[in-house]
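The letters A, B and C name the chains in turn, as written, and every chain counts its residues from 1.
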Amino acid sequence: MQQAPAGQVAAVMEPMPAQNTLTIERLKAYYINEHYGVKREIRAVDDISLVVRRNEIYGLAGESSSGKTSLIKTLAGAIRPPMRVIDGSVTFNFGGESVDVYRQPDKMRAARWRHLSYIMQGSMNVLNPVRRVKYSFRDFALRHMDKDDFQQRLEAHLLRLQLDPRVLEAFPHQLSGGMRQRLTIALATICEPEFIVADEPTTALDVLVQQDVLALIKEVQQRLQSSVVFVTHDMSVHAAITDRLGIMYAGRLVEEGPTGQMFANPQHPYTAHLIGSLPRIGDLRIRKSLPGRPPALFDPPGGCRFHPRCPLAIERCSRESPEMLPSKTNGRVACHRAGEAEVA
Amino acid sequence: MLSILRDLLRYNREFLAGSILLGIILVMVALSFVSPYDEGVMFAAPPDMPPSPEHWFGTTSRGQDVFWEMTGALRNTLAFGVLVAIISRLIALVVGLVSGYLGGKADQAIMALNDTIGALPHIPILLLVYFVLRSQMSWVILAVVASLLGWSYDSRLIRSVALSLRHREFTRHAVFSGMRTSQILIREHLPYVVPIIFFTAMNNLIWAIGLEVTLSILGFCDINRPSVGGMIYWANAHSAMVSGIWWWIAFPMIFVVTLFLGLFMLAMSINEYIDPRSRLARMGA
Amino acid sequence: MSVNVLELEHVSKFFPVGGLFSRRKLQAVNDVSFALSAERAEIFAVVGESGSGKSTIANMILGTELPSSGHLRFGGVDIATLTGRKAREAFMGQVQPVFQNPFEAFNPLSRIDQYLFATAHRFAGADTPQRKHAVADEVLQRVGLSMAEIAGRFPHELSGGQLQRIAVARALISKPKLIVADEPVSMIDASLRMSIVNLFRALRDDLKVSIIYITHDLATAYYISDRVIIMRRGVVIEQGEARAVLDNPTHPYSIALKNAVLPPDPIRASAIIRARGTRIHGAIESF
């Protein structure tokens, strides 16, 4: 992150590049299901506020049904009825120009792929199986770029990512899963977007390939200085590449902070549990799981959503939902007893 | 059961409309049992009378009250269609499920038989049967033969669902739970197949009624039994349109349309209700 | 000399691939041999990445695939000779599977206790609803659940961890000697995995059930297995006592595999990724 060197006055009247590329304010997005008189409101994203800065990888962690995939889809503007945004806003900042995803849909559409691209789960299947790879690139990227030197730029892009341009002539089924995934990342970054959203991009891959893909994502992000929101339930992946980490539980954000601090000194009991329950090679200490299960999102517990399973729960937790307040580890945490959690 | 009906009636417009239309038909069918005229008797009423308070739908050139004739006709035609639909559904279901589940060579053999039967032309075969069995011909035999011809297309649909279900994880699990093949087919696979059955039953019913009407118009039916097709046959024979006796043709047409529309709407709405995906959505999955 | 519970003797399996004009063989499993003794219950881990042949081995042990060459013996009897329904059923009673995807393992339209009741009926001789209920409750208690909690529920009402535990409970009804678990925890949230993994440990220690634990996850394999076998493209790379092999792997592939596991520790994990660097990845792979 840029900072003016101490003692020097910024004499030139240049606008500083905006620090925050994404601002989410009090976002609420629910699935509203109505069948035969039974109305169900599934609160997948329930009052979330967060900020993602330039040149950082923000990780979103949480178990299944925590709402993290719903949050990703909502912030990319990729939701459809019965899921709707009920309240709040999602605002991107692309090179100084702000785009409100839901109030400026036309601007948002123009910005897609050029400023915002995504790598979705199972995106290895994004490549059309009956056409050569190069056509997928053309379909996605040609309209954003200059047609004359498209081929050249494409090949240069692949070479920079250490991918042999001959791959363009292949059909997807001739390539391995890892290779397809690397191509998908190339596809997502060819327009050099400021913002990349990645939803479990390495989940279905072999361990060795996973590392290559992560290294690739990191390298691309550093070169483009873009922001990445990286969703995965695998805490080791978060440990490996994210700069900041947000933990979601039952549609809400419970803790957020710099990754190193989150692992070393988790402030929220759920974070402590997530990190403590991971097995490591060479470590034979007994590890336990939390009792119970994540709550159903249409009928969440009152007060703090985590209180039925929380080892530190007190009476206040069942009545009062905690606010996201600054934490001791340079982040935020929503817990009445923040900081008292112990890591196993 | 009742609560399902109540839900459907209250929240599903199509079901309501379909029920009303079909209700009209069923009322007509019920009335056929209390008809003041004996069926098939000619000249029981003054012929060629337009609709009037005495004869609500008028009378035909053969001296039959169109209204009461309609009630009998609807009953017979519906009975024919329903019988065909039931028998052919059963055949299609068994063939499709078994073939899809067994797979491999058994599947290929069964499907070869299936496609051969499907390629047979229906009307000529029915005509052949009619000629061969002329004196012992009855509508039941006709219905059975028609249903033996009408199952082949739908069994392929059911088979494709069965094939995909075979590869699903819970089928493997069921095998290791010790469930026998028949149990797996009935308990695990049937719920997925039922929506197709419903939908194809609708198609089949229309086809069967159309078949009956066609044959009747051509004259290959029991002329003493009133049927929708039969009425149109006689109306044609007496050149009803030309003579201006529009009510003889109009009312059968209106009721056929009502019947089809009612069945269609019912089938659509029930289908949507029992479709596994919408069931899962209602359960909250 | 006691008969081995399970014995694989030079087992190989290949699949024909390719079209009409170029049929080739894909060697899924190549000359694998190991044995599980009947003396002690043990957890035997088969570790490998995708394409290593581990799932094919699982299928051969369960009898859903036949080996191209070699023999698989259960209790001294060659599995390939178990044709006919009675023999198959007797075998299934002794060898039960736990599959990877707990969400797909149960028909979403059926209530979950139906599977337990069906297995109780077939393998535990439970005829009456009360008996079935009792049998189901007993196995559920062993996995930390109970009929009271899950009776009448549909699969979507339960979490992955609970579903998998029910799958294990179902596998226990017939009192099997061997459970074949094919990637049982890979689709479950990381924080819930340990409950299943600990469960396997309890099954071995308390119920004396041997378990073939197939996984790509070295960490859990390290945690519970007694012996381990590492496979790559159908070939056994290394095998032996679990701690010994995983603490000090000797083969380069095993070493790479162990080092590839990202530890849940930011400093070490990010260092591994940084050091990964980049190479030319241009090779187009075909069969």
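Simple rule for what comes next: a contact is a pair of C-beta atoms (placed from the backbone, for glycine too) under 8 Å apart; a residue touches a chain by one contact, two chains touch by 3 or more.
Quick caveat: nothing in here was measured; it's all calculated off a predicted structure.
Note: the chain lying farthest from chain C is B, by mean C-alpha position. C-beta contact counts were set side by side for A-C and A-B; A-C has more.
Look at where the CA atoms of chain B average out and do the same for chain C: the two points lie 50 Å apart. One inter-chain figure worth recording: chain A and chain C are separated by 32 Å, centre to centre, where each centre is the mean of the chain's CA atoms. Inter-chain spacing, taken between the CA centroids of chain A and chain B, is 54 Å.
The multi-chain contact residues of chain C, meaning those touching 2 or more other chains, are 157. Counting partners per residue, chain A has 296 as the residues that reach two or more other chains.
Touching of two or more other chains is recorded for residues 284 of chain B. Chain C meets chain A in the complex at residues 49-50, 157-162, 189-195, 197-198, 216, 218-220, 222-223, 246-247, 256-258, 260-267, 269-270, 272-274, 276-286. By the touch rule above, chain B contacts chain A in their complex via residues 7-8, 10-12, 273, 278, 281-282, 284. Across the complex, chain A meets chain C through its residues 63-65, 161-167, 170, 174-177, 179, 182, 206-208, 210-212, 214-216, 218-219, 233-237, 239-241, 259-260, 263, 273-275, 277-282, 284, 286-290, 293-294, 296. Contacts from chain A toward chain B in the complex involve residues 33, 35-38, 40, 296, 298. Looking at the complex, you find that chain C touches chain B at residues 62, 89, 92-93, 96-97, 99, 101, 104-110, 114-115, 118-119, 121-123, 154, 156-157, 167, 170-171, 174.
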